[in-house]
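Look at the two complexes coming up: subunit A is in both, with subunit B in one and subunit C in the other.
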Partner chain A sequence: MNPSLKLFTVLFISLELTFTSKLWANIIIIIGCLILLIHAGFRWQQFCWLVLVPLFPAIAIFITIVLFSPSHSLFYGLVLFSRLYMYVSLGTVFTFTTNPLALARSLEQNCHLPSKYAYGVLAALNLMTKMKQAVITIRAAGQMRGVVLHWWSPTLYFKAILVALQWSDQLAQAMESHGFVEGQARTSTINIPLTVYDWLITITLIVVIQIIIIALP
Partner chain B sequence: MEKILFDDLSFVFDKQLILRHVNATFKAGEIHLLTGISGSGKSTLLKLIAGLLPKYGGEITTGTVSVSTAGQIGMLFQDPAMQFALDTPRHELEFTLENCQVPTAKINSRVISALRFGKVEALANQSISTLSGGQQQRVALSVVMAMRPSILLLDEPFANVDEENRQLLLAQLLKINHDYRTTIIITDHDFHGYQRLNPFVWQLRDGKLIKLLNNQKHGLLQDDRQYIKASLPPVKASPIISAANLSIKRGNKTLLTPATFSLIKNKTTLLTGPNGIGKSTLLKAIAKLVKYQGTITFDSQNIQKISPGKYYQRLGLIFQHANDQFLNVTVGEELNLSLKNGQNSYFTSQQVQRSLSELGLAGREEQVIYSLSGGQKKKLQILLMLMMGQEVLLFDEPFTGLDKESLKKVLNLITASREKYPQTLLIVSHQLNGLDGFIDYHLEFNHQQLKYCGGNS
Partner chain C sequence: MAKHQLHLRDIILLALIGIIFGIIYFAAGFIYNGLTILLTPIGYGPMANDLTMGIWCMAGPLAGFLLRMPGAAFLGEFFGAVVEMLLGDQWGAVNLISGAVQGIGAELGFTFTLYKIYNWLTLLISSLTLTIVTFGWDWFRNGYSHFSGQMLIIMLIARFISIFVFSGIIVRLIVNMLQRAHLIKR
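== the complex of A and B ==
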């Protein structure tokens, strides 16, 4: 499916369900997402993370609604509990099945987003792994100079911000020296197609969800 | 006529006058070699031609620089790690070619020929962050070449590149200059192999740019490479670090198959090997910064059983990227930190001042570290770590960006410090000039094994 349309669909569904309070829509979307993830080769460790990470906030919301809200409604508790998982599942399906480069290319070609944003975000994404490595390096560099940097030490983050500032400047220069000029036309290596089939899936998905929202509680 | 013209140009960066009334002409199709000590302004000059300065900092105070060209200007930076916006060499090449508005149908063939140029076909789909410094430099060169630039600016392009690839890339440069009449401007400190490019040689000194005469040039470009004489460590030498059945991987690639070796206490060991063989990764394994299999012991104690806090008081790593070493903003703050926590009794505050002026860093206490030149950062980095005085220091390419004179001063400083305060050193370096007599033992890393070389190597 076209990455931009996929992003649009995910955002549309999430936003719409934010303004409704339907239980079944959430559950059906979560099940749909799980099927898609299994199909895409999601590993069981990753499933465990998917279940565990939102568990505490979800339980907290559930308990707040059921025990402390004026209505003590079990139904609304379940709606909010499942809604959190719905957001997380949709987000996971999107990130797991979409290549960031394909998304950037699609946003540039199909949505005519200025390439500076498309590639700026992509470059930043590519820096994430480096940032993780940088934090490890900073801590070791600190210890080698007799400074212990705990994860709560302001110095650690100060240095991390310094590094990031450096990188942003160097990255801008690197992009420019590789021929990138803001606002100038670019060609494309791969054309990301936006087909009738993409639109058909998007519209079908949205219509089906409308039916579920209207028909089921 | 296409050319680059400096007309009475003066340039100020971070309140310092870097270039003073520079006059120079670089004609199309010529090859130029810029020389000068670390911090003399070579990178600044290239960035002015590339149009990155004064856009990204600094100010032109007199004169102009004009670059008349119809084509692209390609620039290779000193630090190869920081010139990629995308994740793999292939994607970076595609991004670059798209920027240059190469038609879709031609992109693939241009990508392939660029990869071939830098001999990095096998690395095309690997994540750039997993490549070694030398490999990154070759990828960066390929990307710049893919642009088919009419002007090619190379800032110390071979600093981390091994000898074989250096010769290969020099031959490639000669070829593109011949085939496409590309103007090439290179900065370097190590001049061997340049003779056959027959470049115009310039010297940048005290902000002035001087074109060298032919006889001066030939003296400079002479191949004065030295070979390192090292002996085999004696059998009963006492080791400080020992590795048993050590194997290391980077991603899926095996770098070291079970190897057993030791580093001799209070001696200097040189570690060499081709690009991407795993030298930096080996240092990081010894410094407990990457995972490995087998055991490494420090003073007969398994390093996994020593807490990082204690371990790093006894072992220090001089990172390949100098920026990784610094924790503060100004030179003075860094020096104070090392003075406060350092164990090396050689470095009293008077000695630090003497060393600073020796290294040409005196009076820069207020300066922001990140505005120092590549070579100045290297010198400061080495000084700061020497002051810390760990029993073992691991050096990862410490001499890149250092001119001959600076290198000599750095080596003298290390020697003087060790006379008073003995330390064990392990040094990774492609740059072997001037190291003869400084090295006790020579460890060679090749074919996933480590071996001490003896006699002439």
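== the complex of A and C ==
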């Protein structure tokens, strides 16, 4: 499926279910997502992680609604509990089946996002591991001088931002020296197709979910 | 080219800031779960969300101060969410919606000062708009409409304090350091 349309579908469903309180729609979407994930070769360790991540917030909301809210509504407790899992399973399906590069290309080609955004974010993303290392180095350098830099310490952020300023300069220069010009028409090596089939899946999914939302509680 | 336009360098910088905050937040993630476990037995479990809200919103005001142009605060916050999503964060695509909501909240603070004033007042207004906008989103997302009035007021105040401390005071301290290093454009 086209990455941009997939993103749009996921965002649309999440937003719609945020503003409607329906239990069955959440449960059916979670089951659908699980089937898609099994089909895509999701490992059981990843399933455990998927269950664990929203567990504390979901239980906290459930207990607060059922025991401490004025309505003591079991239904809304379940709706909110399942809603968090709905968000997480939709998000996981999207990230697990979508390649960031394909998404950036699709947003540029199909949605006409300016190429500076598509490639700027992608370029920064590739510095992720180096940035992680830089933060560790900053902390280690502090410790050598007997200074502990906690996560709330402004100095830590300041030093990391210095690194970011330097890298963004260098990376932008490097991209421009390799012929990247902002706003210029570009040719693409790989075309991301946007077919009738993609549209059909998107529309069918959205229609089916409307029916579920209207028909079931 | 127009002065008020983001260039490639600024976009990379904003995304890198998103990454930095993403990395450092990760170290603070246990606070959220810890607070949730502590607060649930007294019926204030969702307040962990309000108490930590300021931590997740730091990138926006900081980007607004650093680049000083319309859209910077929004994109700083939003790119953080994009990066988290692309790295396979479990909250995934829903992060984009939260990121956009927080971005709008942070951006409004700068809009109300017409992108001309950059001092404590801006941070105060930005904290206020962030509090109101993110609370509005949680009203629907986390079912705040089902809670009692007294609890809502306590959670709103907790959220404002958290946002003011992290996205206000700490951001101001970082900005001060950057200003002393002459790294902020006039």
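Annotations
The working rule: the second predicted complex is superposed on the first by the 201 of 217 C-alpha atoms of A that agree within 3 Å, B and C clash if a C-alpha of one lies under 4 Å from a C-alpha of the other, contacts with A are read in each partner's own complex, and residues count from 1 in each chain.
In the analysis below, contacts are C-beta pairs under 8 Å (C-beta built on N, C-alpha and C of every residue); 3 or more make two chains touch, one makes a residue touch a chain.
Source: prediction; values computed, not measured.
Once the two complexes are overlaid on the shared chain, A:111 sits clear of subunit B and of subunit C alike.
Contact with both subunit B and subunit C is seen for A:123 once the two complexes are overlaid on the shared chain.
By the touch criterion defined above, A:36 reaches neither subunit B nor subunit C. Look at A:167: by the touch rule set out above, it reaches both subunit B and subunit C.
Of the two partner chains, subunit B is the only one touched by A:133; subunit C is not. Touch counts on subunit A: comparing subunit C and subunit B, the chain ahead is C. Touch criterion met: A:175 reaches subunit B and subunit C at once. In the superposition on chain A, A:49 contacts subunit C only, with no contact to subunit B.
When the two structures are aligned on the shared chain, A:188 is found in touch with subunit B, with no touch to subunit C. By the touch criterion defined above, A:145 reaches subunit B but does not reach subunit C. When the two complexes are laid over each other on chain A, subunit A has residues 119, 123, 155, 162, 167, 169, 171-172, 175-176, 180 in contact with both subunit B and subunit C.
Residues 101, 119, 122-123, 126, 129-130, 133-134, 136-138, 140-148, 155, 159, 162-163, 166-167, 169-181, 184-189, 191 of subunit A are the ones touching subunit B in the complex.
Per the touch definition, subunit B reaches subunit A in the complex via residues 50, 52, 56, 72-75, 77, 79, 82-87, 91-92, 94-104, 107-108, 127, 129, 143-144, 147, 287, 289, 308-309, 312-313, 315-317, 319, 323-327, 329, 337-338, 340-342, 370, 384-385, 388, 390.
Looking at the complex, you find that subunit A touches subunit C at residues 7, 10-11, 14-15, 18-19, 21, 49-50, 53-54, 56-57, 59-61, 63-65, 67-71, 73, 76, 79-80, 83, 87-88, 90-92, 94-96, 100, 103, 116-117, 119-121, 123-125, 127-128, 131-132, 135, 151-152, 154-158, 160-162, 164-165, 167-169, 171-172, 175-176, 180, 182.
Taken together, the subunit C residues at the contact with subunit A in this complex read 6-13, 15-21, 23-25, 27-28, 32-33, 36-37, 39-40, 43-46, 48-49, 58, 62, 66, 79, 82-83, 85-97, 140-143, 146-148, 151, 166, 170, 173-174, 177-178, 181, 183.
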